[in-house]
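Structure first, then comments.
A, B and C label the chains in the order they appear, each numbered from 1.
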């Protein structure tokens, strides 16, 4: 039996779990107090986070302790901690529930992270459509201020830390960390060319660390229970529990917090299995930017970075999209190519021009007007985008195209040859 | 809504709300408040932006007008054409599509007798197709104004629309 | 220094330099669109992708700093595949309208496509079409051709200091433009035409006039302001078609002002005087040159008995040779009244000497850390000096101004005093400065008071390591110009600043050199009249500060002889003889600019009708008066004679006998930038800009 909700969602079942009193009743803000009292030095915290094997939950899986160590806490001038709650990758809706049901744990995590990197100001960038999470989180900030957990000279420690929310306004690209910074600065969300990295040139040009909501919300538990505890929940190379958003053709779609390395099969049965008694056809394991896997590969993998990578995809943000045997893969890809086309920031040539091109070809195929050379064209165009763009969106746009064709080319071929999907055969 | 002074929109309560946002950013970074400011004036203006009110935001935040237009046209939450009193944003991205959002959209269009991007005759509703709104595990879903409605069925949809003023 | 290997060739470079610059310096070409050495790095076009050993993907050379031992291949299969891919992406939505595109033949996209494009694209979908907006009279847009390099947007933001263009929308719907119908108003806007690598932004007046390969480029110097911007004039069959910048880091870098680019339209103006004309009994008749000059000599002769009766007004844009020959001819005939400082009314400081130059090199302006501009709208009067100052300001230089109110600055002003009385404000700053450095205040300043702003400005100049005072056209036009000079030079001394009385026009410096020793009293000549006026290259009623007086003086004179490129109703009304002269590209000569560069240029366009270069007219007149030494065959001989004089500018010593008791404010005398001379007044494109709207007397 898989043990659920040990970290980020540990309070979600409680009545008024978003209230500071509830949070404190569960031991909340204890770590923050410890940190402020000097019991835990920034270096000790970084070491503990390193031990925990926490890897960034935003999608790239970058080791968090290592990221924090890039910041020079003692360099003069303003520094910032920024939380990435943009959560716009199709299939992803895990951070929303942290903000709705456990906002104080995120606040505590951000405060600690700020302390570690020497940032006295933090922003949480919440996607513009998330009103309920925004209200919960913003109210939680006010409670935390009132309780003296935020502000100047917190608990007499001499340390200042204040936190604000910033709202997006509908742009997937603002989840990319430098686009997010541009967006806070009041500009279009167009990613910056890196280097320089945010650790040296971030928000308002100041050193900045950006982490995902889930990453930061994990911090208080890691410090409360020890990095070792967290590491052992997971597998070597990827510690802890992980939030998985189980969406698509499931009986019980929902967010599940389970240990890293849990077999996909178990996760699938947690979610009630494929709906309507149907067979599993395909799984996108980490959000729309990760490669689709056919059922057999998915059923054989475990939910951790290495295992999913071995299966040919990526853990990403843990957004598992499940497709049953009635799914039209051409139509599904059409939807995904449209998404990247619609969401490209327009800045760099291959992404701006290539995403539209791929969409048009897939759409044409789906409309029954495909041409024999279209499959080659799609492979060619997706290949030409990859590795030639400023940020990950362009690369991400190519992945679904390449992987859908890799595993389901026959469905595309059928459309081209017969002008209709494999289900319309009869 | 009709009493909005669009030539001088940043005053009174609107100004106070914008100023509260401004307080969140360093004093020399007024531009940071452009997204919230546009959101506020859009709301006060009945759901969409005009050149006049964007120019006022530019002036208030000490930005060039074109920088405001850039932002206002980049983010999909901003509207440049009138919308209904309630803007129905139906997610049609992958997770919702897998659970019937296309059929729901057709149902909605027939029910309201308008196409995507149009406003119903009584001005009450308009329909917008949107990308993933981050509620995939409760698909299909839609957002009306500030509220998410999840696990939609045709029947739920009827009830929701009926309940709105 | 580090060593980098590019295509097997070892190149030395400074660590951190961008790969593209390093390759450029070694003449290894890397294709690019968004990169421009004068703009910030955007790295958005992805055309410059190259293969760097150790990197899994191709990297943009424009945004990759070199490190020691880096091995780069710009032509490896990996690099070429990347470049070809980007080229293909750029072309899928680019129209194939090269045959009707004005950029054809000088299009960076076309050039690169020849090298990196494939002949056949697999793209078979519909191409994007973008609607155009009218952005004014100078720039033609064809935004369907735009490749989104954002050079134009960055130019506006970074160089013009005025973000007028932006990129609205996103993805494939991203459009470069003004978003709303709005003109582009920067005085440097034409540079976007050069920056645009494709035919999206082109020269509107030049549209469809010629194909680039039919044009011949001639190096020359811009004729309007004292920067002396280097330009190329493009001609077709000897006819001037357009003007583009000629790079000169020490002067104009890669830019020119709109005035310098678009004024060439005036060469073809319907107003051009194409034949000598003489008035007899109220009627004008055209004549051939020899007859007209004979009439000129005959009409002038009776007045030569008393040459005090004669005054010569001369354009400050006249070439050095012209000024010299005017003076030589005049002095030989006994005429001493010659003036080119037509926008000045107080000449009493002449007694101390004249030095209107920049007290440093243009490039050094960028390194200043405190500046006080007194009575000058540099942005419009000397746009490229202003551009240097803007760079200084962005580097932290404090720019302070004492100016009439209502001027539009495109750089951050630290302290600003709005005034019509420059003298009183300057006196206050001087007094504040004296107190700050504990210097005894002169008795003349006894009654002067000062406030916190005055102190702040004085303090800024004092604490600046490289501080400078600059006087502009407004100060020069002030009734108390000499007092301003005295106060300003003292202030410069007290605060340890350099002092520049900025020359405004393209040969103000040269004309001062030659004419400094002439006594001049223009104000008096205009107020009290002269029997004879000879005007060279000017329209006194527009070019003189005291325009009404000037017109009256002309009307009341017994004889007015105009050497002029343009005919006009008002001249016909008061003049007696009009001799058509060549201008700009039709002429050869030398101009001395703000930093005393002597820049000579050649003639390469045929003059309109029978117009002749003024120096030739003056030479013939010299001959007709039987004067010695007027046998020149070309301007080089004149120039050699001038050089042999070893003229130099002496630093004036403004002795102080300040009388601050009667100070009257001078009405603002702002010279609209598109009215400064006959040429710009006759450029329809410039005249259609907002900068010209209020002000052109010809409008």
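Points worth noting:
Just so we're on the same page, a contact is a pair of C-beta atoms (placed from the backbone, for glycine too) under 8 Å apart; a residue touches a chain by one contact, two chains touch by 3 or more.
From a predicted model like this one, the values you see are computed outputs, not experimental measurements.
If each chain is reduced to the average of its C-alpha atoms, the one that sits nearest the average of all protein C-alpha atoms is C. More C-beta pairs touch across one of B-C and A-C than the other; that pair is A-C. Centroids of subunit A and subunit B (each the mean of its C-alpha atoms) stand 24 Å apart.
Taking each chain's centre as the mean of its C-alpha atoms, subunit B lies 49 Å from subunit C.
Centre-to-centre separation of subunit A and subunit C, using mean CA positions: 54 Å. Shared contact sites, meaning residues of subunit C that touch two or more other chains, fall at 167, 169-170. Of all residues in subunit A, those that touch two or more other chains are 171, 188, 342-343, 345. For subunit B, residues touching at least two other chains, in rising order: 67, 70, 74. Looking at the complex, you find that subunit A touches subunit C at residues 171, 173, 188, 193, 341-350, 352-357, 360-361, 364, 373, 377, 380, 384-385, 387-390. Interface residues of subunit A, counted against subunit B in their complex, comprise 78, 87-93, 95-96, 123, 127-132, 164-172, 183-189, 204, 245-249, 253-255, 284, 288, 319, 321, 323, 327, 331-332, 335-336, 339, 342-343, 345.
Of all the residues in subunit B, the ones that touch subunit C in their complex are 51, 64-67, 69-70, 73-74. Contact residues of subunit C toward subunit A in the complex are 41-47, 49, 56-58, 60, 63, 82, 85-86, 88-90, 92-93, 122-123, 125, 147-148, 167, 169-174.
Contact residues on subunit B toward subunit A in their complex (touch as defined above): 24-26, 29-36, 38-39, 61, 63, 67, 70-71, 74-78, 89, 92-95, 97-99, 130-139, 143, 146-148.
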